[in-house]
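Here's the structure we're looking at; comments come further down.
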Amino acid sequence: MKLISSNILQQIITIRPANSYKGTFGRLLAIGGNINYGGAIIMTSSAAVHAGAGLVTCACHPANLTALHTIVPEAMFLDYQDQTGLSNSIQQADVIVIGPGLGNDQLAAKLLLTVLQRITKQQQLIIDGSALTILSQHREWYKLLPPQTILTPHQMEWQRLSDIKISEQNNIEQNLKMQQTLGATVVLKKNGTVIYHYDQTVTKLAIGGPYMATGGMGDTLAGIIAAFLAQFKQAATNQVIDAAVYCHSAIAKQLAENNYVVLPSAIINALPQFMRQVITDA
Amino acid sequence: MKLISSNILQQIITIRPANSYKGTFGRLLAIGGNINYGGAIIMTSSAAVHAGAGLVTCACHPANLTALHTIVPEAMFLDYQDQTGLSNSIQQADVIVIGPGLGNDQLAAKLLLTVLQRITKQQQLIIDGSALTILSQHREWYKLLPPQTILTPHQMEWQRLSDIKISEQNNIEQNLKMQQTLGATVVLKKNGTVIYHYDQTVTKLAIGGPYMATGGMGDTLAGIIAAFLAQFKQAATNQVIDAAVYCHSAIAKQLAENNYVVLPSAIINALPQFMRQVITDA
Amino acid sequence: MKLISSNILQQIITIRPANSYKGTFGRLLAIGGNINYGGAIIMTSSAAVHAGAGLVTCACHPANLTALHTIVPEAMFLDYQDQTGLSNSIQQADVIVIGPGLGNDQLAAKLLLTVLQRITKQQQLIIDGSALTILSQHREWYKLLPPQTILTPHQMEWQRLSDIKISEQNNIEQNLKMQQTLGATVVLKKNGTVIYHYDQTVTKLAIGGPYMATGGMGDTLAGIIAAFLAQFKQAATNQVIDAAVYCHSAIAKQLAENNYVVLPSAIINALPQFMRQVITDA
Amino acid sequence: MKLISSNILQQIITIRPANSYKGTFGRLLAIGGNINYGGAIIMTSSAAVHAGAGLVTCACHPANLTALHTIVPEAMFLDYQDQTGLSNSIQQADVIVIGPGLGNDQLAAKLLLTVLQRITKQQQLIIDGSALTILSQHREWYKLLPPQTILTPHQMEWQRLSDIKISEQNNIEQNLKMQQTLGATVVLKKNGTVIYHYDQTVTKLAIGGPYMATGGMGDTLAGIIAAFLAQFKQAATNQVIDAAVYCHSAIAKQLAENNYVVLPSAIINALPQFMRQVITDA
């Protein structure tokens, strides 16, 4: 298990190619946000926009349209019950993130299944939040996970997915075994997040702190991972994920110097400046 | 009657335990916000998030969903007419605050009664705003108040609850007698707020000023008290309440150096930095 | 005709009495904002809150509820078609402002007539925007204007009200004659606003500039006048109006040092700090 | 082909005439924003307001009313299906911009045709975004374009309009030929935007960069061009367009010193200060 070093930021966040356009930095589709948890998918979408994704579409309950457009007018809206629209958006996306605020009712399960059935090997998939709980309840879907799937469970969600109890989740071998079964990358979120990569390397985050223990933190991380995957295509996926996870906590750590609790919205707003600073410091 | 000292901040607002997660800092349920007074419960919820509560759910009229998510996407939404959702949320909450912008129609009364009937001794309850007026109109409910209830009336609301006229509310003994009858902590909000604690100690706030005389100030205080109770569980409840009341006015005082009127929204935004400064100054 | 001096600010914006509460600074009712022009009454309401009014209710088309609460959660909402709610709010208000974004359909006319019929001599009334056009179309209502009415027409609206052509509006005597007929204070908004006071004194604004020539500027002024009247009750009405008009343009002038166009929203946000500075400079 | 020099800013953005009012700086109508792409027309409208247009109306899907008013309360709303309202607004506008987030369904096509049929030679028209795709699908409408039309295609849209493949779009002669056929000004947006003016002069933008490759950038540019045309009527249209295009990228370049990706919202907020700085530097 290797600690993620701050160098990962300079390795991944590099000067953008001069001759580029929106498409260069990826089409991202974020699916989630039911009638109760709209803020979650909005934070995911806003994080993705602020982290540099080229084009972001947010598929959610229509009640969330206005808050989405107000917080991040740069993102596009899709009613997640619009099957034609969703099919098109899934097809066009470079990266799909599903789960933040999705809930776990029948519609949520249907949306997850739709994504699993339609996604191709050329696209990247991040499964987060309640979509992980749904997945754990439909183990027959494990085999549908495309090889590049990234799962971002917190400890209870990982227990649901893996049957490994929280008290035993420090057992790297056991986690790795389950990661192999899933054929996915597992970002196991906790105090000292550990990432079980697709190639079975294991990396660990040594920064972050209790100032991050607040609702919406994971939704924001999902958006950053998605945006990094969408735009930093030249780099190794393992490193891109490590960089996103590190970036999220590094911003929080910086903000915590002046804030007792670091709100996800504050991290989102700080993304463009923090990422620029990485270039300057390189 | 003892003046609340600024030391209370350092005593209560301490460095967060390293090994903590969202749940460590409490689940908070804020109930209020009818079709006319949505801003009130949104300010309560936003104050709670900014003051460090782990997870905040806002149960209100559905017309307020979008403004809630736009102002504070970190908070979750619940339609206060969704009985199943409300039952679940009441059961899961560590702290419930009811009243800001609730109004006093039949639905409002029904919501208050539901909370009083379902809340357990392990949970903390804050009754504020129009829920206090409703309570004063249903004196048979006084006996339903759980022992740890916190009431935050302004003077007219206290008159309604206690039959003590505003002109006689400087009589500490009389207030204490009523406080005993209610078996609650009474935060009597006025110029020089006085707190009649559950254990019959009486504390008084010596800071604050007329720059705070604007709509929404009480709603914001309710959110801060709730968040402090949700996260500072190791401390004595008396002191946690004193700290919340002090913190609210201390921020206002600081902002008043540069603002003729201090808006509740400004206090809310200043919470994370102010609370961090308490640690630095300690 | 006397120029309004900057001293007017120090005379009116004074240190708030220590022993005060929300009610001390007035209840304000803002009526306007139809389906097309919601931003107008929201700016009026927000200006009133930021200028220090104690309690602000915004009566408008229900489509505007969310934008109101998002921009200024401190304000309360009322559906302007809710006749009972409106009756109560009119009765409780210290100051009523009607017109910003009201439009001039039948409902708008009915709302203006309702206010004119119900307002008492103890309350202050400001008629702005499209309500002035409606008034000009119902000259039989001129006699309903309470003596303390304040009209805030721009030049075209004044022509409609008075039949004095824009080209002849520099004729002070003619304007004064019409002002006497109306028995109102007329704030004639233009490059170099002139105020024809109720007592027939005439004052003129010598500050402001073309950076203020943008939509929403008048709506914002109406909110500031209303808030000043609501809270500075000890001073002469003439001077309170002059101070509000001066304050509005003085902030714009200050912001124009760094802004090509000064948006009403920027003036609103600057109100608390500017008003505090007046105290510091005194 | 001439590079646009930074001098263009000082030539066009000049001190406003003292004796001016809202109308002096133009009435602008922005049409777009369907149920999915509301953020686009909101950014166009907000850019126009911040760039100094006198009065801005945004005609869009009613689902976008609230986000519009929240982001820019200075703008007015119109339901783009309200035919009477739209007719009036088209008639009153000095400048019309159609396309941002309009989509390309039947309603969108009908709206574009309505504008083309009703616009007069005294008004200026900007066609952007999906309206360009619609136009390319209705070549019989090319002859309806008023002589002063400004088209702002990106490369794929230009291919659709002109049948000139992206790989051949560096051929100035070929572009000029098509520009003549259309009788319009073509702002061909790409890395190094080239403007084919109505009078067949060709200018090229030498600033900007990959930090601008994000959704909403074009919508924002359309709003700035429209606002510049609305207010800088004394200058040659060619130069006004060059100034708007330059201004948009100059702000982005400035912000990119501290931001990895420059969001359109950040450019919008920076407009008033940047334009003021042009005067100061002159």
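Should a chain be cited, it is by its letter among A, B, C and D, assigned in written order, with residues numbered from 1 in that chain.
Here, contacts are C-beta pairs under 8 Å (C-beta built on N, C-alpha and C of every residue); 3 or more make two chains touch, one makes a residue touch a chain.
Labels paired with UniProt names: A, B, C, D = ADP-dependent (S)-NAD(P)H-hydrate dehydratase.
Predicted, not measured: the structure shown is a model, and the values here were computed from it.
Under half of the residue numbers found at the chain A and chain B interface occur in both copies, marking it as a different-residue contact.
If each chain is reduced to the centroid of its CA atoms, chain C and chain D end up 35 Å from each other. Residue positions of chain D touching 2 or more other chains, listed in rising order: 66, 70.
Here, these are the chain pairs in contact: A-B, A-D, B-C, C-D.
For chain C in complex with chain D, the residues that touch the partner chain are 35-40, 42-43, 46, 63-64, 66-67, 70-71, 154, 190-191, 209-211, 213-217, 256-266. Residue ranges of chain D in contact with chain C, taken from their complex: 13, 16-22, 24-25, 49-56, 62, 65-66, 69-70, 72-79, 85, 271-273, 275-276, 278-279.
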